[in-house]
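Per-chain residue numbering starts at 1, and chain names A, B, C and D are given in the order in which the chains are listed.
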Amino acid sequence: MEQFIQLLIGGIAQGMIYALVAFGYNITFSTSRSFNFSHGNFLMLGGVVGLILYINNQIPFLAMVLAVVLVGLLMGLILYKTSIEPSLKSKSNYAWILATLAFGIILKNMVEVFWSTDDFRFDSPLGNAPIRVMDVGVLPQEILIIVVALCIVVAVESFKKYTIFGKAIVAVSEDKNTASLMGINQQFVILFSFLLSSVIACLAGILVAPITMVGATMGTVLGVKAYAVSIIGGLESGYGVLLGGLIIGLSEAFTARYISTGYKDAPGFLILILVLLFLPSGIFGKTVIKKV
Amino acid sequence: MKTKKIIYGILLLIPLCLPQVIDNQYYIQGVFCRIIIYAMLVASLDLIVGYIGDVSIGHAGFFAIGAYTVGILTATQDLNSDSTMSWFPHLSFFSALPIGILLTAIAGFVLGFPALRLSGPYLAVVTIAYGMLIYTFINEQEAFTNGTKGISLEPLQVFGIKCSGSNFLYVVYPFLVLVMFVVRNLTKSYWGRAFEAIKYSEVAASMCGISKSYYKIWAFVISAGIAGLAGGFFSQLDAYVAPNTFSYNFSVEFLIALIVGGVQSILGNILGASVMVIFPDLFSNFNDYRLIIFGLSLLMVLFFMPKGLAGFVNLVKKRFATKQDSHHAEALSKKAAEVVLFDYTNAKENHTAVQITDLTMRFGGLVAVNELNMSIKKGTVHGLIGPNGSGKSTTVNLLTGIYAPAGGAVSLFGQSIAGQSTYKRAKLGIARTFQNLQLFSDMTALQNVMVGMHNSFQANLAAVCFNLPNAQREEKRAEARAFAWLQFVGLQESAFTEAKNLSYGQARLLEIARALASNPALLLLDEPAAGLTAGEIEKINVLIRKIKDSGVSVLLIEHHMDMVMAVSDEVTVLDFGKKIAEGTPAQIQNNPAVITAYLGTHETSFH
Amino acid sequence: MKKNVLAKLMGVALIIVTVATSFRPSAGDPIKVGVYGPFSGGSAPMGLSMRNGVRLAVSEINAAGGVMGRKIELVERDDEAKNERGGQIMQELLFKEEVSAILGPINTGVADASTKYSNEKKVPQIINVAAGAKVNDLFATTPDNYIFRIAANDYVQSEMIVREALQKRKFKKPALLCDDTNYGQGGRAKMEAALAKRKITPTSVGKFKLKDTDMTAQLQEAKAAGADVLLVYGIGPELAAIANNLEKIGWKVPMIGGWTLSMSNFINNAGKNGNGATMPQTFIENGVVNGKAAKFLAAYKATYKEKNIPVAVAAAQGYDSVYLLKMAIEQAGSTDGPKVKAALENFKKGYTGVTGTYKKPFSATDHEAIHETNVMMGVVKDGIVVPPIK
Amino acid sequence: MKVLEIKDLVVNYGKVTALKGISLDVHEGELVAVIGSNGAGKTTTMNTISGLLSAASGDVLLHGKSISKIPAHAVAALGISHVPEGRKVFASMSVKDNLLLGAYLRVRKGEKKQVMSDIDHIYTIFPRLKERQNQQSGTLSGGEQQMLALGRALVSKPKLLLLDEPSMGLAPVIIDEVFKLIESIKQRGDMTIFLVEQLAYRALEVANRAYVVEQGRISLTGTGKELITNPDVRKAYLGAGKS
């Protein structure tokens, strides 16, 4: 039983990490039909900046978080200006894929060249000692991840639901032209969604850092898995990423324990394929009827 | 023409002399052979990404199946003495290769099914998942694959002749030529046109009689098969296969290579593969900054050559193309003179072309078409009019099988067509044009019409791939016939213009030509005059009369009342999905219900 | 009609010819030595430490007048830990750069994909890190074997790990936990064999992927099977995740594993949870006794300004591989491949290097410099690796 | 005083020339209608005014200043509110949110309180919207959606209201209601209204003046009353016929 609960908590924490990263795809896809294929590298940058400031230079935790948010904003702006805006204007369907991939290659290798190729420890501000209840150990950071991931998703979704600018974002994702008739600047909304997505990625970077360690390659696998997670839930459904994250996170944990560690990833991907065969837009996705 | 072919044949042989010219294994085997193998994989990816229009990030999986099948089947125990492999069939390379292709093709067949329902980022993630599953399977099935340790292979020998090192070129190069030959023939045939048609507009493709499932799944099978072939050779490149080669990143790299090289182009495939192979070495002097520079170059290519390297080259080439096209057009017009249009056999002895009985369609709570009864007499033009949202287009979509009705029946020449899918109805003799143009925009006018003739092609896949004489003859006949159709609508001057470069009026005419090319018994014209000038509308009027005189029944939906009244034999008026009037044009014009529906209130109330 | 394809093919051929002719191998005084390994990506810390070790040795040698009066010129290539890049790079080094010898690589798969080229061209290659790569095994198929290694191979390591666990520390129920790379799975197979020799089967065999951070499931499986010692084979970051996860699930079990347990990214990331991890070492930074090693350490730290060498073993082996090569060339009096190979197989003088003293590092039938006698067990203690407490 | 003036407007839709040189003007407090059959260019005119489309040549002037190069969201900020063809309510959002978005710019300016009371006022005009204020607007009937679209435009307090085919797809009874409402907005006199409508007689009944467009050109113009009795209007719709 303890084992089961231990796996459950680990799976949930892992799932929430995926969900948080996946949420970044979700936000930009709904406004612009595109997303950052190098999202994982933005997460990595957040982790690296956090490590340099918080661990290496001992600046206060909150100041570091603020700095990481600023880095996220800056990177989001650069990404938007150099890759997204030109790609959305270009007629090629693949432009945004290639542009964001190229951006990620540059980012990752800049970090490798100008910083380090190594992986570094990032001490959790909550300490590394597990909390032990019965025979189940939980890292404080795992609880923090679950809480913060839920908070961010709920906060952003509430922001979209309850504030006027949030509603404008929903309006743009639903119908760009009509939204602009309301006086909503759709270009700015798209830029905003990329900024938000980048900031969340960078925050996710410092959030997962104590679990994953910090290094230039920390985001690669996360980025791909999170892509799957966002699709399972439905790319256009905010809360869908939470369910998608749980499905993948838990299926990994339980497969590794009860089936085979080597096949850990397989059930998650099988579920993904099966879900999409029956629900082509993901679990919470809206199926759009195309008019001829 | 003959001498040209011989010259090209000789040119094709030149790369085989390279090992004599450049006596350096690095360039021949390390670079050139690698480019050849990667180019085959990029070409296979191009079939999916460029022609079908789906993004695949899982082609490394197919590549892996090919490489591993050949690896397992040809491995020897000597070189893998410490392996966990328990099965060494010791096949020769060339008997293992077809098995690899077959297995990969089967894997492609399996991936084809999700591809029918999914698109965009949803399908892309399935391809990733698929690639990962293949990777995991190879990694874990140690009894077959030696797991992560990989399989070492003997250097390739054919009939006892050493084919590793520079000699490897003699083995792979002919296959590159073969693959490119097949891909070129396939993509330039009615198969390739079907692939592209599906990409631009599934509905228009199915109205041309193209079954999306059939062609899409075949595209995945063929693409996978080629990837398997490339993988088979890859296993011999370093005579070593290990699973970690075939990762997600590998798939991504090939996608990058394809886009950088330029889609839908054999030259692009080869250039993309070359970039992938040569770039790292070219930049090795930049040492650790190499990948940053690589990333920057990618962005540059994207912004300055949005169609890839090949697109850039094609721009230059296009300047020489015009003269050839005019020669070609001249030749075609000679042949087109002998073509007899309107030789359809679909029309049966029956006075009613279409009988619609109690047809009903609902969208949610909205009743778009409400118990509609209507019949179209053979060889007449039947107008269908009504204010916006009255259910005209829905009726057309019900007739063509794009929507399934909530109730009622439709029969064509006395035969029920209920439940038939769109492409089958097209085969039965229904053709249509679209209110919002659905042309295949990157194809020429001639090619668009040839897509319309899809059902007339009979050459099988093998004949098409190898451009056998029957396929060649058929293609040439079709070209002449398509040209004749263009002449019929007056577009012969624009035969080699891409559809996207036609004027709006020309595009409307082209849609009619494409619809006629399928030899329909019933032609549905959905607002053919929308957006046209008076002169252009007059042209279409003349055309409609000509079509009618040839015995084709026409259902005309139009807002230009002058036109409807001028060409229709009978007019049906819809409002809120219901038939509110039917009769001759003159009767309709004076029908009070019609006037109310159109102008708002009964006219007489103001008198 | 075929002309499109043809024109295109010709174009490519032309490009290649131009590229080919623009890179003439430069003939001249320096002795060219190729070095390849992962200098970017996840394995880069090992590759970069190795390269630093190699560069250090080369700069020392060149400063002292070179080899037979000729300077050594390094040709460095990043294989990105990709097998297929390894094959391509090796051909570039051999046929385009025409190097006299090759050092590296790090990854077992890269080595297995590429060593056949040095054998074919008869250019000696000294593998200085890849523990799982085939070296002596190659004699079976390539009697004229040009591949040498200065690194504790998997046989040596596995045997020492198992002996440490079963004989010295008297554990009864080992559980194996290895990463799913070539290196990890090679180690797994060799450890299983070493255990089988002692008629013991592991209680459980677990696996993990690179970049995995949650090892709970694997550890629970081992714990449920009643294991009393964990034998691990992987690289630093994931090994650290194991140590940290052990702490998380509250299971105190000793870890014994491959030399990679001494990587600084294990020691740093595992922190106090890494204490007690035991591994075979050819070089222990903090247990340096001989003068050569001390000099190396001082020079390394001065040159690269690193507090701790990220992967000290790789740096030390990289350093020694250069000196072994230098001695062999001097003894052969030539850079001719077969002659250098012969010299390597039959050293006249002994060599005292950073990793130890070798009287005769290689022989005609044994191309492994490092045997169990050259290896000691190291233990992680409070952030450093120390020699075992005597 | 001219609120809106269109000069020789030419608009291309890809390769289609949808407008072939249209000139018209709308004075303060007027209700001006543009009528014409489907595909004549009415909606194109509308979309060009509000900035969704850009003109190939010609100009659109608001109070004498050119707005033809200004993007849609900035045009909205100048006091133009456009009720698009087909209503285009934000289907996944509640009725209330749709109304709130109508006043997006006002809310951003900090007039939230005022907006809320204006929304309450809208509810008194359309009691059914109040009943359904928390319902997803995609589930409303066509008539209710049209009310919502109108309400959404009204809460922005526009100086110029653009109405594009308010009758489209609605049942005759509902159309009556919609036009009554347009009439009452006109009566209030605080808004200039520019109406595009297919149902000519309905539009002419409420319009001060009207223009008839045919194939991208203005073919007739006059006061609403003049045009109602003009037989050419009917011809523009049902064709000259063979007779």
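Everything below uses one rule, namely that a contact is a pair of C-beta atoms (placed from the backbone, for glycine too) under 8 Å apart; a residue touches a chain by one contact, two chains touch by 3 or more.
For clarity, every value in this text was computed on a predicted model and none was experimentally measured.
J.: Would you kindly count the fewest steps from chain C to chain D, each step being a jump to a chain that touches the current one?
T.: Minimum step count, chain C to chain D: 2.
J.: From chain A, which chain is the farthest off, judged by mean CA positions?
T.: With centres defined by C-alpha atoms, farthest from chain A sits D.
J.: Between A-D and B-C, which chain pair shares more contacting C-beta pairs?
T.: Counting C-beta pairs in contact for A-D and B-C gives the edge to B-C.
J.: Could you give the separation in Å between the centres of chain A and chain D, each centre being the mean of its C-alpha atoms?
T.: Here chain A and chain D have centroids separated by 42 Å.
J.: Compute the distance, rounded to whole Å, between the mean C-alpha positions of chain B and chain C.
T.: 50
J.: So what's the Cα centroid distance for chain B and chain D, whole Å?
T.: 42
J.: Rounded to a whole Å, what is the gap between the Cα centroids of chain A and chain C?
T.: The computed centroid separation for chain A versus chain C comes out at 36 Å.
J.: Which chain B residues reach two or more other chains?
T.: 139, 288, 290-291
J.: For chain C, what residues touch not just one other chain but two or more?
T.: As it turns out, chain C has residues touching two or more other chains at 39-40, 180.
J.: Counting only residues that touch at least 2 other chains, which ones in chain A make the list?
T.: Residues 109, 112, 260, 262, 265 of chain A each touch two or more of the other chains.
J.: Mind giving me all the chain pairs that touch?
T.: All touching pairs, sorted by chain label, are A-B, A-C, A-D, B-C, B-D.
J.: Taking the touch rule as given, give the residues of chain A at its contact with chain C in the complex, in rising order.
T.: Within the complex, chain A touches chain C at residues 3, 6-7, 10, 13-14, 109, 112, 117-121, 128-130, 132, 135, 137-139, 211-213, 215-218, 220-221, 252-254, 256-257, 260-262, 264-265.
J.: Could you please specify the touching residues of chain D with respect to chain A in the complex?
T.: For chain D paired with chain A, touching residues are 50-52, 71-74, 76-77, 81-82, 84, 88, 90-93, 97, 100-102, 104-105, 107-108, 112, 152, 156.
J.: So in the complex, which bits of chain B are touching chain D?
T.: By the definition above, chain B touches chain D via 365-366, 387-389, 502-504, 507, 527, 530-531, 533-534, 559-566, 576, 585-586, 588-589, 594-595, 598-601, 603, 606-607.
J.: Report the residues of chain B in contact with chain A in the complex, numbered from low to high.
T.: Of all residues in chain B, those touching chain A are 49, 53, 55, 113-114, 117-118, 121-122, 125-126, 128-130, 132-133, 136, 139-140, 203, 248, 252, 255-256, 259-260, 263, 288-292, 294-296, 298-299, 302-303, 306-307, 393, 397, 402, 434, 436.
J.: Would you tell me which residues of chain A are touching chain D in their complex?
T.: Contact set of chain A toward chain D: 164-165, 167-168, 170-171, 174-175, 177-186, 286.
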